[in-house]
Structures are given as structure tokens and as C-alpha cells.
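Mind looking over this structure? Questions follow.
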């Protein structure tokens, strides 16, 4: 085990998979000469050369499609979106080409490609640069979606995503890149997709979440502990495939749950999880399932407004108290 | 009252609003000389001229953005997407420009624009031409989404959408265009957004739905009647704004509900409605809320497979029986 | 329709060094035997699609069905010079292009019928013909979306240091899509071995090209620095010659090309659209059928050069009708897909952990 | 920075008929008084952004902040010839363009600070400056997305038969976006009164333009048939002259123009990026600052022509520093937005029926 940052963990995963499999290449804006806008690809150009670490023009739709074409013909592209905000321009190639190719061709042509980059808000980047894009990517069958919250998960899941034979959206967090944590050094440290991680055990209430919000949930759980409330924090890690068993097991233990996500509420990920839980654990619920999300507004620039717009530990605590009928 | 088709109802709404307000214009592929790919704009070119009924190049992102720019400067564009499948290419302008302009400019620049066209599947159009696009449009605040199921709703709601001061996605159905129904002739027949319509009354179970699926729900309700089950069919009509009161009133009466939609399940519209109901009517529920959706596959071409993939009256009946604990 | 890589390779060779005998000179340097094969191919495309038209009329084929009739020269002339391991990708008007690349008529027709023996098992239909064995990469329904995909194929070839060539077809209306622009630029920047071919039939549905562009198709590559050729697709030998030469250059590392391939659609945009109407006159269509039917043009050239008799032509046509009839009967006899097929091939990898499907439907043989 | 429509109108007139006296001949036909105003403007832009830079360094400004320093000539020369009712739209490097169009320095600085008195009430920030009174239409963060919007403004002008002109700015990297391509084509097809200006500073972040294009910026409009001009943005008088003439043509129905406006960024891409590094050398940047500072270039021209003394220049500079300091103090004194502002202006119309917000948060004064 070594303590490294989330950024370094991603960098290691890329380096190891590129060394392991020469069909893997990285393409995106500023990934090569600039070492990546957020330095995730630091040093990869020097190590693998410009054939495998490629600076693209600002053509999200075009290079996403080029990546899909490369995947259709046997390569394993890792396409970096500088942030997923810009990937909305590329969504047609993700949904209509990548996600459907295997089905439309009746299994003749698979599409092993990873679309990665930060999703959600950082600090004061305002409305167009602060979106959580999970909903747009998880709705369509044929795609997989992974959202690591820690350095270890970032490394293990990115390696799994690159080895997976389907298109995988891999959503990181700009505010997570400097986050440090223990990561196994083993070259073959891979975390299979579809396995949630109980980041903290508890029996009073389940806090379900993914990505950046895992840390907000953990803060909330720590504060709740002081109030004698033992919250369990379940990090879904991968939204599709989804570890339904772990979700249900936790809810059946605590009989109440809160979903915390960075994005908007309407058809947010939490809506799906709530719908699933109430269908499959109806008789175990002692309270309505609640959700904590971004305020229903485009993200404002002003610091004070942005803070109000984002989910906070206090809002998570309030929701937990509500499902616990405490005040 | 006159009996006309859904297509004619839309045509009347466009004609009346264009006659009423010279800032309204229609732009899209084939809307002028060709009278529209589905003939919705029949005769409008002759009546209003090429300045106001405009054939565009196949540039969804471009003409959606041009429409937003026109709306920002005082016009009221109606942008037709030949089908919403193609609008995924334009989503950036819808989400990042139209939906956020009013907020980013702190109320200086509003964006009164309608994006309209058919959503969902028709018959055997296969994976890329058969998508229900509601989820991609309803997630983001700043947008409104309307989904009429009948000629009267089509006319009254399109007129309201054109008069609304915000960007409105108006989703029709290719298979609805020939559907006939009574429509008031009154020139000022407008149905306000945000008002659901109980298309059939009943007290045993609530079937919630929108758009094309309203008719599948009504078929199911008719068959259930024969079994002595009185199903209430609530057509949401507008998904944002959403008539929560009518939804809750019905569920509090029947204590059980099923959501039927054409699209995929994961973060589908039904997920949101289920999440909302269980939160706001938890104690009234005698059974889990169930959902009937498209099979989780890209739409297949083969007739038999397509039929299996789509929600059917039988699947709705089965779901109703489950929530009624009948078999 | 030949699928044998070697043969095609030799053919390509022949094309690059046309024999000077046998009146090849009159045939754009193409050997008469080869020209006759090309004629046979085009007759098949024509008769095949006429059968599809009949089948559609009686409801055996559903959905959208876009016929290529009138544009056969564009397909034969550009695809037949390719090798079996070269790639072809197109939009939704691709039946004859699939045949040209070697996909079996039976497999294509069965796909149009939505049957189990179709090239995509009935899941793709008319707009989504795929046959990876013959490197026919679809069949795509979103106008312009195939262009970046083609660049990706070219990327792989360059990455693997192969000598294959990609031919990417699109309609004239597709050049107004952003995807076209972004992909052309990348193909130029990275010298990708792709020939971007606009089948310029002058209309996108009911929209004449000059109504949605101030410039001509052949000017559309100027902003990228990609060499451009204008070719008359109604003369298949001219087309074949031009492509054989371009393909050779691209194979030798000559980078991308752009082709404004002039052609004409004899039928409506799709089976549900009128042949003529406000957007083009009956006279215009009839005039084109009269003067620029690629099959007639080739037959006449071969007759004039003394390589074809009316009798031989009729024999060849009879063979084409037979093959098409055979494809039709095969398709009609092929069963619909198993209901279970609905759930197959959504994902190439069903992960052992976690749930991938959320529709609550029973999946026979699919845990998740 | 003048905001008076009339004045600007007259100015525009003057520009179209340059006085032959007062050495205007040496000044690209621009009257010396006008040239001095332009200098005053550019000094303000420079000092204003230097203040912003200081404020960012001490955390008074957050998020991304893209400075225009070095490119002031491009803004002054292209925007000052406009009328008050003409439209300007840009990307995220737009502070000085906003000032040029008449937005008050105080309002712009307060927006950078995210304060109540900002041009967007603190909601937009550096990348989203809007001021509809001065027809400054933002401030857009998605590369290329402003280009179709600009076409829409042009559409409205044509629709309303107005004589206003739209100037749309974008960076050199934006020409590789599909949105640029689609919008340029429509602008040409419909003769929209828009001048599309590429501020060609040779780099998109760390990517030199020639690494992502085989052709030059000025070749990018050839596929659309839009007349193109190449202008040296570091010489503001040349720029002003060129734009005054183009604007007059567009106002008279001359349709769209495309401009390859050569300029150079003296600072890093944003406050968080290095000024130089692997992508451009320290020497290159210093050389440009030495030889092509638009303020120095103009001051020298005015001095050589005898219209400016060092003393006068210093006085003007002092005024600019004062105004910038005033803007800074005003912004710093302006309170943050009310918490309630979080919920205002999401929708222009709160429908009486139905729910629009689903976050479960209390909205003081918002039923729904």
C-alpha cells in the first residue's frame, strides 16, 4: 500500500493498462504535450509516444466518434473529455453509435471504449462548467457507468473499465484529483464493475451515494455519530452495473435510506435507486426514501450561492433525521 | 367541437399562433416546401411565406442554436426536429444555452422557444430512430417538457407552449399523428402547462402515464374493467411543470399506482414520479409502485422483437394485478 | 459480390496496370471481362432492390426502406476496386453497397425482412446492415454520424500500420453536419487512409442542395486541405477507374481523399416518399432515367466496343433476376428471430456482479 | 466605453468618411481625436485586467478567469466602430470586449467578484458577462456554442428588417467545432448580417493551431462562400479601419464576413495556467510583448504622427488606472447576492399550475 492522490491513481491505471495492452491509447484535448488539463496523463506522452497519447482538436463529437470507430475495429480507446460538461456535444456518438453498435450488428461488432473525465461541479465554474452528467449517460442500455470516489477505487475501477468489452463512461471529480488515499501497489489490482463498497458501517440509516458525494456522506455520518446515530454509507461505485444486493441488504438492515448526489433531482440517479428500493424492499421501509441533490438551478458563480446550491453534510443530516423521525 | 387528427390539431395551433403573433416562426428540416416530413406544417409555407416557414440544412446543433439566438433577441421560434432522436446532436444548445440563459444573465435574457417533433418509437424504425427522449430533456431546470396524447391536448398545449416565455420541449408521437379526436374550434383554446388530465376515472388502481402510452393505459383499463378492476388513468400531459396535486390525489384514492412510459427504465420519467409519490404519499401506499417501460435494449427492427420490446396493455394489466395482489 | 480477398487483390492489381489489349482503352483502361463483371453486379443491385420494393409493397419489409436505384454505378465503381480486407461504411441507403462489398444477397434480403438469417439477425433492418466478415461496417441512421466512425477505422489502420483503405459514403445533405466537419479535419491532420465519398444526388429528401449551401460539394473539403475529385457516378467505368487510382494512392500512404460523386436517385427518398413532387419535377426524373441510367450507360459502352450483345445482356439480366428471386424466397422462408434474441447482444460483457437491466422483465438464460 | 447610441452612430459615420485633415492619412484614415479615444480605451482594458489579476491572486475572484491582455487591439478595433444597438457575443475571454461595448467597468468587476452589483448579479462570473442594455450578449463557456447564437441574432435582424450588425468572437480552436461549421453555412445561405471574428492567438490552451489543422484560419470560410479578411489585431488602427468598412458593408446588406484577426495572448490560458511552457517558449512570449503590444504600437504611431506626447500618455494611463481602481473598490464594496437570489430567474415564467422544482428545498417567496 502506498498513499497517493486520486490523480496519481488514475495515472497509474492508465500507465499500467497501456503497458499491458498495446491496443489501449489515450486521446483528448491537452492530454499529451500539456500532460492533461488536470495533469492526469502526466508523463504518458514521454513514455508511450504521440501514437498512443494524442492531443485532439476541440471536436468532442468528432473524436468521440473516432474513438468509437477505433473500438469497432479492435483498439481500446480511452477518450478523455476535459470535463463531461463538454461531452454533451458528443452524446450522439455515445448513445447512437457506441451503446447500440453491438446490438444493431447482432453481436458482430463490440465497442470496448472508455469515456473519462471529471463530472459535476468544482469551485465557482458557473452554470456551463458545473454539471453532473450521470443521468444523460446511465439512461441508455448498452452503456456502463462508473464513478470512483477514492484513489483506490479510481485505480482499480479504471483498470476494470479499460479491460471491459463494452463502452464505459468513467466519471471522475475535479475536486477529487488531489484527494489522497491508500492504494495497493499490486500491478493487477482491479476492482470489478458492479460491486458497491460500504464505506462506513451503521445500523440506523443508510446513506446511498456515489462519486464526490461519498465524502459529504461520510462527513454527515461522522457528525451523526456524535448524536448517537449510526449511519451506514454505501458507495455504489458503479451505477451500471448496479450492486442491487448490497443496496437492499443495507436498507433491509436500517429500514430507511437517503440518496445523496451532486446533480439535479428530476430523473437523477437517486430517483432510480429510490424506485428500485421501494419496489424490492417495500415491506422493510419504516420511512419514505429521501434524496439530497443540487438545488434545481443552473449552478451560480457567486461563492455563497454555489455553496447553497450544492448538497451539504448538513442537508444530508437533516434528511437522515427526517427518515429517523428525529428533529 | 370538430373531429380532427392530432396532425391537424398541431397544424391549427401553429397556424393560429403564427397569425396571432408575428414573432413566431417555424424552422426545421423539410417543414416548408415538403410540408413537413410528417405533414404537420402542411400549407404553412403558402400562408406565411418563406420568411416564417423555413427549411433548414441538416444541422440540428446549428439550427437549434440559431433558434435560441433568435429567442434571445425577441422572436418566438418553433424549432422542429424531424424526430427527437436527431436532437441529441443539438442537446448542448438546449441544455447549455436555452435552459441556462435566463439564469446566467440574471433575468436579462429570456428564451421563449419551442423544440418540437415526435419522440419514441413508431413501427420497425430500429435502434437509432426509436428513442423516447424525455429523460434527456426533463433533467435540467430551466426547461419545460410537454407530451400531448390527444388532438385536443396537442392543440391546446402547443398554443400554451408557444406563448410560454421559457424554452419548452414539446414531444409528439409519430404514431399519434393520424389519431382522431374532438377539438374545440375556439381560436383561444389554450391548455395551461402543468395540468394533468384524468383520462379515465377509477378507484382501484392508478395508472400514471404520458404521451403515446396514454392509449395503451386506456386499453389496459378497459380490459381490467371486464375483470371488475376500476383503474384510473392519469395523463400527466406536462412533465415539467408537473401536476403533483392530481397525481397525489389519485394515489391517495387508490393507494397503488403503476407508471407506464415508452422509454427505458433507468432514470426514466417513472423513476422520478415513483420517488416523488413514495416521498409525499408514503403512508397511503398499500403496495410498491411499479413501472412498465421499454425492454432494456436498443429497439430491434424485427416486428416480433419490437412488439416484445414495447410496453403493452398486457404488461400494464400484469403490473396492476401485482399491485392489487391479484393474479 | 466476390468475397475472396486474393481475387479482389489481383483485381485491384489489374486495375492499377490496365491491359492495353482487348479494347480496354475504350473502357477507361478496364479489362472487358472486368467491365462485364461490373455490369453483372449492377444488374443484381437493380433487380435485388426491385424485389425489395415489391416485398415492401406487400408488407414483408417494414420501417424505412431507402432504395439506391439509379445510384448503382456509384456503388459498383467505388467498392469493387477494394480488397476484401478494406472497410466500407455508409448511411441508411446502403443495400447495394453491402452487396458490392460481398455481403450475400440472401443475408441482406433476410435482414430487410427482419428474419433470423439476416446479416444482423433481423435486429438491424434496412438501415443497419452489418457484415464484419466482409468488413461492411453498416448501415447508420444518423445523418453524418458514420463519418467520424470511418475516421476511427482509418485511425486503427494507421495505428496497426496496415495498408487497408476505408471508403465512407454519405449523402450530399450530410456535409452540413458538424460531425462531417470535425471528422474531415481530423482525417487531414492525422493523414488517415479514408476516402470520403459524397453520393451527390442533388437532394436531401425534398431539399435541393443549392437551397442549403452557397457552395458546391467539391468545395467542402477545401477548409481541411484534403484533395478532392469530382466523378460522374452514372458512368461506372469512369468511377471505377478514378477509385482504383485513388485507392492505390491511399494504400501507399497518400492520406485521405474527398470525392464529389455525381449521381441521381430514380426513386423517392424512402418507400414512403413520392418520386417527384414540389421539390423535383416528373420531367427531371424521367430525363435522368432516360439519359443517365448507369446500367444502360455501361451496357451501351460495352456494346459499342463490341464486348456485349443484346442476347448476352438479357442472359445476364436473367441471372440477376434469378439471384434476386432466390434471395427473396430465402428471406421469406427464414423464420423470425427467437423471442430470446430480444435480450442478446445488448452488452458484450455481462459482468458477474451487479445488475445491468432494470426493466423487470424475465430474461430466459440471463441472470441479469 | 461610450454607451450613447447617437454618438456611436456619428462615430460610425465619421469612420465611413474619414476626414482628410489632421494627419488622419497616417492613421488609416481615422481622426486623431478618435485614435486617442481608442488609446484611452485600450489603456483601460489593460489596467482593468491587471486589477482583476491582482484580485484573483488574493482570492477575491474565483473559478476560471481568462485574461485578454495582449489582445486589446482586437477588441477595441472591432467593437468601437459598432453602434450601440449592434450586438456583440463572445466566448469566455470577454472582459475587455464587454468594456468596449459599453458595459461599465464597475459592473464587470463586480461580476468577476461574484457580487450583487455585477452585470449578471454575480450569477455568471468571468465567463458569463451579459448586459442586454448594451447588447453585450455574453460570455459563453462552451467552445463554439456562441457561433450559432450569433447567427440567431442575425436572423432576428433580418426578420425584423433592421440594419444592426452582429460581431461574434471566437478563438482559433473554435473553428474545429461542428457548431462553427453549421452556423457559418446557415449564415451564408441566409445572408445574415454577422461578422464572425476569429481571435487568432495561435493557441488553444496548450495546443498550437497548426497541430490541429492542416490549413490556416483564413481558409476556414471557403467551404461556405463567406468573404474573408485577414487583419493584424495588434495594430488597432488597421483593425478599426477594416471593421469600420466591413460593418458598413454588412449594415447595407452585404451579408456575413469572416475575419482571421491575428493577435497574441500575453498571459496564460487562464489564471491557473502557465504563461509559457512546453507549448510556447518564454522567448516567444517576450518577443511578442516587445514587438507587438497593441497599446505600445498605437502610442508609437500617435507619437510619430505628432498627436501624442509621453506626458499625455502618462496622464491617460493614470486615468485608466484610476477607473480600474474605482471598479475594484466598487466591486469589493458590493455585497454578495442575497441567498434568495439562488432561486430567482431559473424560469422567466412560473406557471400557475404544476411544480417546476423538485429539490425539496424551501423557496422563500416561490410557491413552486
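Observations, loosely collected:
Letters are used for the chains, namely A, B, C and D, taken in the order the chains are written, and counting of residues starts over at 1 for each.
We adopt the following convention: a contact is a pair of C-beta atoms (placed from the backbone, for glycine too) under 8 Å apart; a residue touches a chain by one contact, two chains touch by 3 or more.
Being a predicted model, the structure only gives us computed values, none of them experimental.
If you compare B-C with B-D, the chain pair joined by more contacting C-beta pairs is B-D. When each chain is reduced to the average of its Cα atoms, D sits farthest from subunit B.
Averaging C-alpha coordinates per chain places the centre of subunit B 36 Å away from that of subunit C.
Centre-to-centre separation of subunit A and subunit B, using mean CA positions: 30 Å.
With each centre defined as the average position of its C-alpha atoms, the distance from subunit C to subunit D rounds to 47 Å. One inter-chain figure worth recording: subunit B and subunit D are separated by 40 Å, centre to centre, where each centre is the mean of the chain's CA atoms. In subunit B, the residues touching two or more other chains are 56-57, 59, 61-62, 85, 89, 92, 96, 103-104, 126-128, 141-142, 240, 264-266, 272, 279, 290-291, 296-298, 300.
Shared contact sites, meaning residues of subunit D that touch two or more other chains, fall at 120, 122-124, 128, 140-142, 176-179, 181-182, 185, 189, 211-213, 341, 346, 356-358, 360.
Residues 61, 85, 88-89, 91-92, 95-96, 99-100, 103-104, 126-128, 131, 135-136, 138-142, 240, 263-272, 274-275, 278-280, 282, 285, 287-291, 296-298, 300 of subunit A are the ones that touch subunit B when the two sit in their complex.
In the complex of the two chains, the subunit D residues touching subunit C come out as 176-182, 185, 188-189, 211-215, 219-226. Interface of subunit A with subunit D (complex): residues 29-30, 33-34, 37, 55-59, 61-62, 85-86, 89, 123-129, 264-266, 290-291, 293-298, 300-305, 308-309.
Subunit C contributes residues 62-64, 114-115, 120, 122-128, 140-144, 173-174, 176-179, 204-207, 211-213, 278-279, 336-337, 339, 341-343, 346, 356-361 to its touches with subunit B in the complex.
Of all the residues in subunit A, the ones that touch subunit C in their complex are 25, 51, 56-57, 59, 61-75, 92-93, 96-97, 101-112, 141-142, 144, 164-166, 192-195, 238, 240-244, 272, 276, 279.
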